[in-house]
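The first chain written gets the first letter, and so on, giving A, B, C and D; residue counts start at 1 in each chain.
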Amino acid sequence: MKYTQGKYQIAGKSALAKDIYSIEIICPEIAEIAQPGQFVHILPAGFTLRRPISICDISREKGTLRIVFIVKGDGTKEIAKLNEGDLIDMLAPLGHGFTVNDSFKKVVLIGGGIGTPPMLPLAKYYGEKAIVISGFRSAEAVILQNDFKQTGAETILCTDDGSMGTKGFVTEPLKELLKKGDIDAVYTCGPTPMLRNIAAIANEKNVYCEVSLEERMGCGIGACLVCACKTKKDGEEHFAHVCKNGPVFNSKEVIW
Amino acid sequence: MKYTQGKYQIAGKSALAKDIYSIEIICPEIAEIAQPGQFVHILPAGFTLRRPISICDISREKGTLRIVFIVKGDGTKEIAKLNEGDLIDMLAPLGHGFTVNDSFKKVVLIGGGIGTPPMLPLAKYYGEKAIVISGFRSAEAVILQNDFKQTGAETILCTDDGSMGTKGFVTEPLKELLKKGDIDAVYTCGPTPMLRNIAAIANEKNVYCEVSLEERMGCGIGACLVCACKTKKDGEEHFAHVCKNGPVFNSKEVIW
Amino acid sequence: MADLSVNICGVDFKNPVIPASGVFGYGREYEELFPLSALGGIATKGTTITKRNGNPAPRIAETPSGMLNSVGLQNPGIDKFISEELPNLMTKDTVILANIAGSTAEECVEIAKKLDETDVHMIELNISCPNVKQGGMAFGATCEGAASVTRQVRKATKKPLIVKLSPNVTSISDIAKSVEAEGADAVSLINTLLGMRIDINTRRPVLRNNMGGMSGPAVFPVAVRMVWQTANAVKIPVIGMGGIATGEDAVEMMMAGASAVQVGAAIFTDPFAPVKIIDGINQYLDSHNIASVKDIIGTVEPW
Amino acid sequence: MADLSVNICGVDFKNPVIPASGVFGYGREYEELFPLSALGGIATKGTTITKRNGNPAPRIAETPSGMLNSVGLQNPGIDKFISEELPNLMTKDTVILANIAGSTAEECVEIAKKLDETDVHMIELNISCPNVKQGGMAFGATCEGAASVTRQVRKATKKPLIVKLSPNVTSISDIAKSVEAEGADAVSLINTLLGMRIDINTRRPVLRNNMGGMSGPAVFPVAVRMVWQTANAVKIPVIGMGGIATGEDAVEMMMAGASAVQVGAAIFTDPFAPVKIIDGINQYLDSHNIASVKDIIGTVEPW
């Protein structure tokens, strides 16, 4: 694993929805090695702990990364104050990302709410082989749909209240897709109950499934053992660490 | 005593010398009642305690105050980051200022280093009746000399190293002036040893003398008893409070 | 507008927010900014039997998200407090907590007796001041010491008796139990955590008294923990303090088990802090559809 | 370039900066960022006799200028530490402090015996972990408990023995004296201050373990005070920690009496903190024309 820490310049910032911002960061040495599913660990000015945010886009040509985040508490509020030209303090790229496989013919990418951003690098990788299912509370919270379309992937949009796309949960279209039997893998990120349901569905159909988990972090690199999550491997239970062993896990390893 | 707290807009900022800044603040309700020798209590963003800074100029017409301060530690460094248009959090005007007297014919105002700013409102009040003695380490630290000249006051400049004005301490010209016997009052602000010497000299010549003291503060308004200084009144020793009983004291009351 | 009133030891507070002893003097200076009647109560500066000058200056230092003080109980003495400050305070339509801080148990008893003859609503017995050589924290450091001074003061007054505890102990809940057993009507906590800063250029302690008491947001998690442990250990009400700066902080402290809160260092940062905290509590209650602040006291559900 | 070397209990440190136990693992992850040989030493994660999973997550919370953790000594057990981590660490040209944390005195003894047969430079006996039910802070809360476990572990090893003390006590210097009397070669302090945060929307403690240990800049003044008191009470060296984030902080802690410093939470804020602190100490010494860092230890001049 390779990572570095420094202050990097922000090339651009935009608001995607209420309290949701997209930031592009100039960090060639990080962009060079970053993988889909990895994250960056950002220090909001004046805070003690860093905040983990998934990588939403990687441009090796431009030497930039893009992140998309929602203002949740004081730390993300502070990060949201940054503007084009400002410096952002990052430790990156971190974690074990998604396993991509060139031989896969058809994959499903499922993002729930602020879990959609890490699906974008996968959509770019798989292109027309990907079907992206995105789920949001309602129309105001919908983000990144054009970005997904531009990758060539097929997109399916769901909202809880039906204010945009289909009304209902992302698991409905997933079940439909899995019925046909030609899906090689499911990749997903979002709220834990959603991940658990998706893992169960994929498991039942015996489809390879990777989930991206969240846990509160200290170091972000595997040293402090703060970000424990229960996993099983070869039948044995043990505490893995989301920052280093994850955030992406084979869904069969996770103990929900 | 009347004071208020709020966030006020900065009308202008300039650098006077290395690490020394002048800030003009739009605060009509404070400017209306502020008196020479009073101070403002500024909260640097992110700090627990406020920082006391003397009022250097009061414009009732423009509704502004001016302060001049030196970057000393983290708090003043933070205040120095503020720029025109930014808001500054102030509790003001505070303290007991200088006693001015219309019947005085000739007064001496003595400022040492960053103790010169509070002399300016006095110079404006007394105009040609005032002789302003300013003392600085060296030429690079000299501030406010043009401002003093514009008040009509006579100005005498001393530097410790002789790189500008007369070489030597402010007490030398003071002694000369007091010899003539026509000085009604001495007002001074600066480092404690300087104040102590000036007080002794004025006392010896039986000239009325007021000194502006410094002490670390909490509330700034006389409630917390943090800013104690030893004084005597009617022969009795007691602990006065720089923020409320001062910062300006009759030099005879101070126990050095 | 939710119901903010609380009742502690039979005394009605219009809201649960009280400026802490030592930061608010006797209210005169803050009255320039807001009416004292807006406050739930006022804890007055710690009073000794005779006038005290306190420790030499500097008496304050800034620390990360907090501060140290070493004022050392400067006050005019109990007689002047009763003759010159209390009558004015009693007209302010708010609960007055007279904080007493004798250097010996006998001194505390004498002060309590004098206060017993006044109209003051409550007595807060400070057995936890870290800034004086005698009395102060020494009383509060052991269960026996705390119990003994409480027993004696208890006999001297029929006023509701709050004992203010030191956080500089191995088990604050044990101390709380020992003062409860001696008839304390409530406990308040935490007083300041003993700390020190050194000026590395002069190699001198920043405070002239070498050490001082730390307070402000930095200590908040320690205070919440101690209030929670204490509220689970005693049956009498707990008044919580230590680092409270916002309405949310006050709500958190009350959920931990505090029936009311005191606000210290935050007043230096923002002199309007107490009234903003009252507003903040009300906003929290309204936005969560909670009718009364009493409904949140001690409601944290441990894992 | 000043001389940064110090000697503690006969062990030479090239500089006085040591990442604290628990934040640095066994160094593998930070080695990606800087060579471990740059460090004065490394205190390894607290080791128990058998593998421990630690407490359930969340195990961390942010607080004003600080943090809480409730990891609860997750570690692979002493045998795996000795076979899989220690050999690698011993090649890194830095002093290795093996932190041990048994739940009983017997367990500590057993771990110490196993370490005695390795090349590890020093043993740091943690009698102060606030995040485990057994052992941990319980040992460190009384002089008798601290003395007893120290006495037993002392017999089990000839390695230099550092005892790591808890700040959650009435008198840390008394505890230090009692472990000194039983043959501790040094003491290190402070471990974390017990704290708690509550999520006011869910009414649940933020940490799944309800309480956790507070560290980071917020605790620095308390740590400086405790190091000063302890250094004045014992003759053995004191290793200081708690909130150190800059070279200036390290200098302040050493003036208070620390012969070396450990750095915990600051590493989360800035993974390069230990090397920046080494630089900062050097800069301070150079700009003050001080030839050796040894010349500042314990030099604060109280008023």
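By definition in this document, a contact is a pair of C-beta atoms (placed from the backbone, for glycine too) under 8 Å apart; a residue touches a chain by one contact, two chains touch by 3 or more.
What you see is a predicted model, and the numbers here were worked out from it, not measured in a lab.
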- Task: Name, by label, each chain that touches both members of the pair subunit A and subunit D.
- Result: none
- Smallest count of steps, each to a touching chain, taking subunit A to subunit C: 2
- If we define chain centres by averaging CA atoms, which chain lands farthest from subunit D? Would you check? B
- Message: Using mean CA coordinates as chain centres, what's the gap between subunit B and subunit D in Å?
- Response: 48
- Query: So, what's the distance in Å between the C-alpha centres of subunit B and subunit A?
  - Reply: 58
- Query: If you average the Cα atoms of subunit C and of subunit D to get two centres, how far apart are those centres in Å?
  - Reply: 33
- Please report how many Å separate the Cα centroid of subunit B from that of subunit C, as a whole number. 36
- Item | In subunit C, residues with contacts to at least two other chains | 61, 63, 65-66, 216-217
- Message: By the touch rule stated above, which residues of subunit B touch at least two different other chains?
- Response: none
- Message: Taking the touch definition from the header, please name the shape of the chain graph: line, ring, star, complete or other.
- Response: line
- Message: Following the definition at the start, I'd like every touching pair of chains, please.
- Response: A-D, B-C, C-D
- Message: If we count contacts the way the header does, which residues on subunit D are in touch with subunit A in the complex?
- Response: 22-25, 27-30, 32-33, 45, 53-54, 56-63, 65-67, 69, 71, 74, 216-217, 265, 267-272
- Query: Hey, which residues of subunit C end up touching subunit D in the complex?
  - Reply: 61, 63-66, 68, 141-142, 168-171, 193-198, 200-201, 203-205, 208-211, 214, 216-222, 224-225, 228, 243, 248, 251-252, 255-256, 284, 288, 299-303
- Message: Quick check on the complex: what are the subunit B residues that touch subunit C?
- Response: 1-5, 43, 47-50, 75, 91, 215-229, 238-239, 244
